[in-house]
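Read from first to last, the chains carry the letters A, B, C and D; within each, the first residue is number 1.
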Amino acid sequence: MAKFLDLASAVEEMVHDGDVLAMEGFTHLIPFAAGHEIIRQKRRDLTLIRMTPDLIYDQMIGMGCASKLIFSWGGNPGVGSTHRIRDAVENQWPRPLAIEEHSHAAMANAYEAGAANLPFAMLRGYIGVDLPKVNPQIRKITCPYTGEELATVPAIRPDVGIVHALRADREGNVLLEGITGCQKEVVLASKRTIVTVEEVVDDLRASSPNSVILPSWTVGAVVVVPGGSHPSYAHGYYKRDNSFYIAWDKVSRERDTFLAWMEENVMSKGPDAFAVHANGGAA
Amino acid sequence: MSLSYKPNEMMTIAAARALRNDDVCFVGIGAPSAACNLARLTHAPQITLIYESGTIATKPNVLPLSIGDGELCDTALTTVSVPEMFRYWLQGGRMTVGFLGGAQIDRFANLNTTVVGDYHNPKVRLPGGGGAPEIATNCREIFIIMAMGKRAFVDKLPFITSMGHGPTGRERRALGVASKGPTRLITDYCIFEPDPETQEMTVVSIHPGATREEIIENCGWTPTFAASVAETRAPDALELEVLRDIQARTKAAHGG
Amino acid sequence: MAKFLDLASAVEEMVHDGDVLAMEGFTHLIPFAAGHEIIRQKRRDLTLIRMTPDLIYDQMIGMGCASKLIFSWGGNPGVGSTHRIRDAVENQWPRPLAIEEHSHAAMANAYEAGAANLPFAMLRGYIGVDLPKVNPQIRKITCPYTGEELATVPAIRPDVGIVHALRADREGNVLLEGITGCQKEVVLASKRTIVTVEEVVDDLRASSPNSVILPSWTVGAVVVVPGGSHPSYAHGYYKRDNSFYIAWDKVSRERDTFLAWMEENVMSKGPDAFAVHANGGAA
Amino acid sequence: MSLSYKPNEMMTIAAARALRNDDVCFVGIGAPSAACNLARLTHAPQITLIYESGTIATKPNVLPLSIGDGELCDTALTTVSVPEMFRYWLQGGRMTVGFLGGAQIDRFANLNTTVVGDYHNPKVRLPGGGGAPEIATNCREIFIIMAMGKRAFVDKLPFITSMGHGPTGRERRALGVASKGPTRLITDYCIFEPDPETQEMTVVSIHPGATREEIIENCGWTPTFAASVAETRAPDALELEVLRDIQARTKAAHGG
């Protein structure tokens, strides 16, 4: 059964130096509050997995939490570069960052295989492209019936998976709705999990018998952090703060403006700072 | 009376025109998204737009900044998980058109969005492939939209992120890929289509006011012109109005 | 885009002698009306695929439509045997029936692989059991990373897939809800498809942004057959007729009572006969 | 005062008692379903029951006739597709207990529900494996509930549909299967558990009123009795009342 913890305790208990950590949320429901807590607790040498590293990993990598990044698209969506990730890759600042790069299709399949307890995923992919030349994890398998060759990637089975969700009930069952990305897969594929939620309610208010629900016993810790996904968003709670994404380009371009922003908005704050965003109106 | 418009607007409008009412289109963010929604709001109201975030048959009122803005889900017929999107929908072969952009392109419409310089010691690290490598082979055909320039239209790509017709134009067929690959490349100066023999992207239509010299000047290889080159029809008032409307709404919504 | 057809026309157009045909619905939403129409139109030499053949295939096989059955559990759920299938397997009546037998897990994976346009599916399954000894389609593959062996089965890619769904809108988009089984997979895996529905409505009334919906352009023919799933059921429309399943045991045990029942209830009736079941109360 | 009850009721009640409040149980139809729901309605109110139709954490008021009755979905926490059920939930290794029955069993708790006689020329064609082959290896442990009799408890199975501990009791370990396999076999006369050394299912508890002679008489192999054999606690009033209640509701609901 899921435990209800505060964010600091959940990160302390679940996330350790050197862990392989996946924090998912495809544009929607990115667990920013949890990322900030990991930065505050100064975790080091993490292997970070995310299809789209987005600002959350730009921040964590810029603050030195990671030694490796596994990803498939590394920009600031619709805006430009994730400057802190580029600085780490191109200039090893604040520390060297190894990268393992995939396509979206491969990573989505790798999460799916992880959730399904398979050792690898196969796909019709990586045909005629250069990535397999630089990523030895991309291999091939032959269909035992047709002789066709398919690409393979290892299943993703993180030490820790962290996602943000809409709400939990008092037993710790968790509801997702809208763009659900790979979040169910990450939770099911990970050894330990943290789910931050907008609220805890008596009744999940699942709109459909087929609603996307993670039963309590699949979740390690449930943490209530209203607004905890900002500047990403929570369907029905608040909208994506696109202006923040645009503004981040300038904040993150230089090391000193980045560090100043992090000091003011992350290091000297706590999860409560996200609550103001929860009142930004329904998405 | 002729209307005044920017080359970028001509590019988006020309791209939109390439889409048909019964297309099922896998939409990339940015220029492809603008073109696809312009098509939907003008001549192709029934077009099915699909974004890799899992949103199927979405009808956004403002253009999304990201591939997964709430607007896409709110206006979709349904939204599926990302693994399902890539497995059942893209790999499932259900897309008639994949719409891509890129940082760099070569004459056979191979694209690079990964890296400039050596992969392990990059001069410029670009965002990476995202959905593109599998979009390029699993959609029935590919439209590409890119503004021209010598840094973008290059003689030789440092890295192939997604395959067009292959480094020499022959690899796609040789690998047994059944889909057509890039059938149209829409730029701010002109439209390219692959030569039926060589698969080299060839200028088939030049936008009003643009010249062959400008095209040559802004291309990193010596571009081939088709035997008969058309003049692209200029944007009409409705196309411009709808495009500018949605872009204004988008700007207001994103507060950028 | 889906065409709206009447049932006789849809079966005429989509289902041909010798086809590989999958009719799915896991207990829920079994397309009985479509099965009856296929019997009336005297299709022959079909390869029938279903995880649980259930009464629908008992009827079709008893009436001589099939030469092969691919399945994973062949009983009358909670009641006993499917006598007509047993008679075909054990006594070749009314004609010989070849069988290809799998486990549920293998068939579910094979449908999934079909929908995903993969040539085969892999699973952690068939370990220490005898089925691979009698079914040469069950093979093995080795993980390129861990060296583990996994079982494989060919993907299911039927010529025709038929399912029953709750409702369609005027454009032919189709909604499923409740126990959705493998129905989405069957539709996406098949070359041609028929979806029978309880009703056509102006608004699908999808309860969630993540509702299970088949877009119109993934469906071949939409056919309105209220009650068309009886004695199976349609979530929110009518309940499973468990008493019918119990009564079927007696009807189907002998050839003559079976044939008499089929004559009276199928051969001399049409799809309209199902309408009475649509009024059996909400499930 | 002792209560009157049938051997079948004792079997279901003994099976229910084996389940724990924190179990996540993959439920087969018939006797397993009755036992699991009896546990839920008595000592294990928080138990999670999962049926292969995709219904997760279901709490039926009447026992389903099939594995996918509407009652299961209506009372579930959520319902997933069947491929997801077998991939993410069963193969995902999330089930603490799989509850199976069968037509035939051998001393190492291998089960046959496929065929009597030759597979290709069967004497009796049984329903087949359904979920059992993968339930048997992917759940952390397996409970089996079966009424005894010489046609059911056989010395040698004609066909292994799902593996218990293997034909000689050694194959399961030899194949590297990490899960425990059958840890309990509950019958209408007694309870068997595997011998820690040989894995042979061994009588560890005899139901009140049943005798060793009856057990030997109804078993197709010579059963082994543990050094210390307990007497199964008789059903108490609450257990019988709840079981009979749900069975009466079930009968009324199915109209059979």
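Things worth noting here:
Assume contacts are C-beta pairs under 8 Å (C-beta built on N, C-alpha and C of every residue); 3 or more make two chains touch, one makes a residue touch a chain.
As the structure is a computational prediction, the values presented were derived from the model and not from experiment.
Computed from the mean C-alpha positions, the centre of subunit A lies at a distance of 39 Å from the centre of subunit C. Distance between chain centres (mean CA atoms), subunit B to subunit D: 57 Å. Contacts with at least two other chains are made by residues 117-118, 123-124, 178, 180, 184-185, 209-212, 235 of subunit C.
Contact with two or more other chains is made by residues 73-74, 79, 87, 91 of subunit D. Taken as a graph of touching chains, this assembly fits none of the simple shapes: it is neither a line, a ring, a star nor a complete graph. A complete list of chain pairs in contact reads A-B, A-C, A-D, B-C, C-D. Per the touch definition, subunit A reaches subunit B in the complex via residues 26-28, 51-52, 71-75, 77-79, 81-82, 85-86, 89-90, 101, 103-105, 108-109, 111-112, 123-131, 134, 178-182, 184-185, 212, 233, 235, 239-240, 242-243, 245-246, 283. By the touch criterion stated above, subunit D contacts subunit A in their complex at residues 22, 24, 48, 56-57, 73-74, 76-80, 87-88, 91-94.
Contact residues of subunit A toward subunit D in the complex are 1, 115-118, 173, 184-185, 188, 206, 209-213, 215, 217-218. The residues of subunit A lying in touch with subunit C in their complex are 117-120, 122-124, 137, 139-141, 143-146, 148, 150, 152, 154, 177-178, 180, 207-212, 235. For subunit B in complex with subunit A, the residues that touch the partner chain are 29-30, 52-55, 64-70, 72-74, 79, 81-83, 85-87, 90-91, 114, 119-120, 122, 124-134, 136-138, 159-163, 166, 171-172, 175, 177, 253-256.
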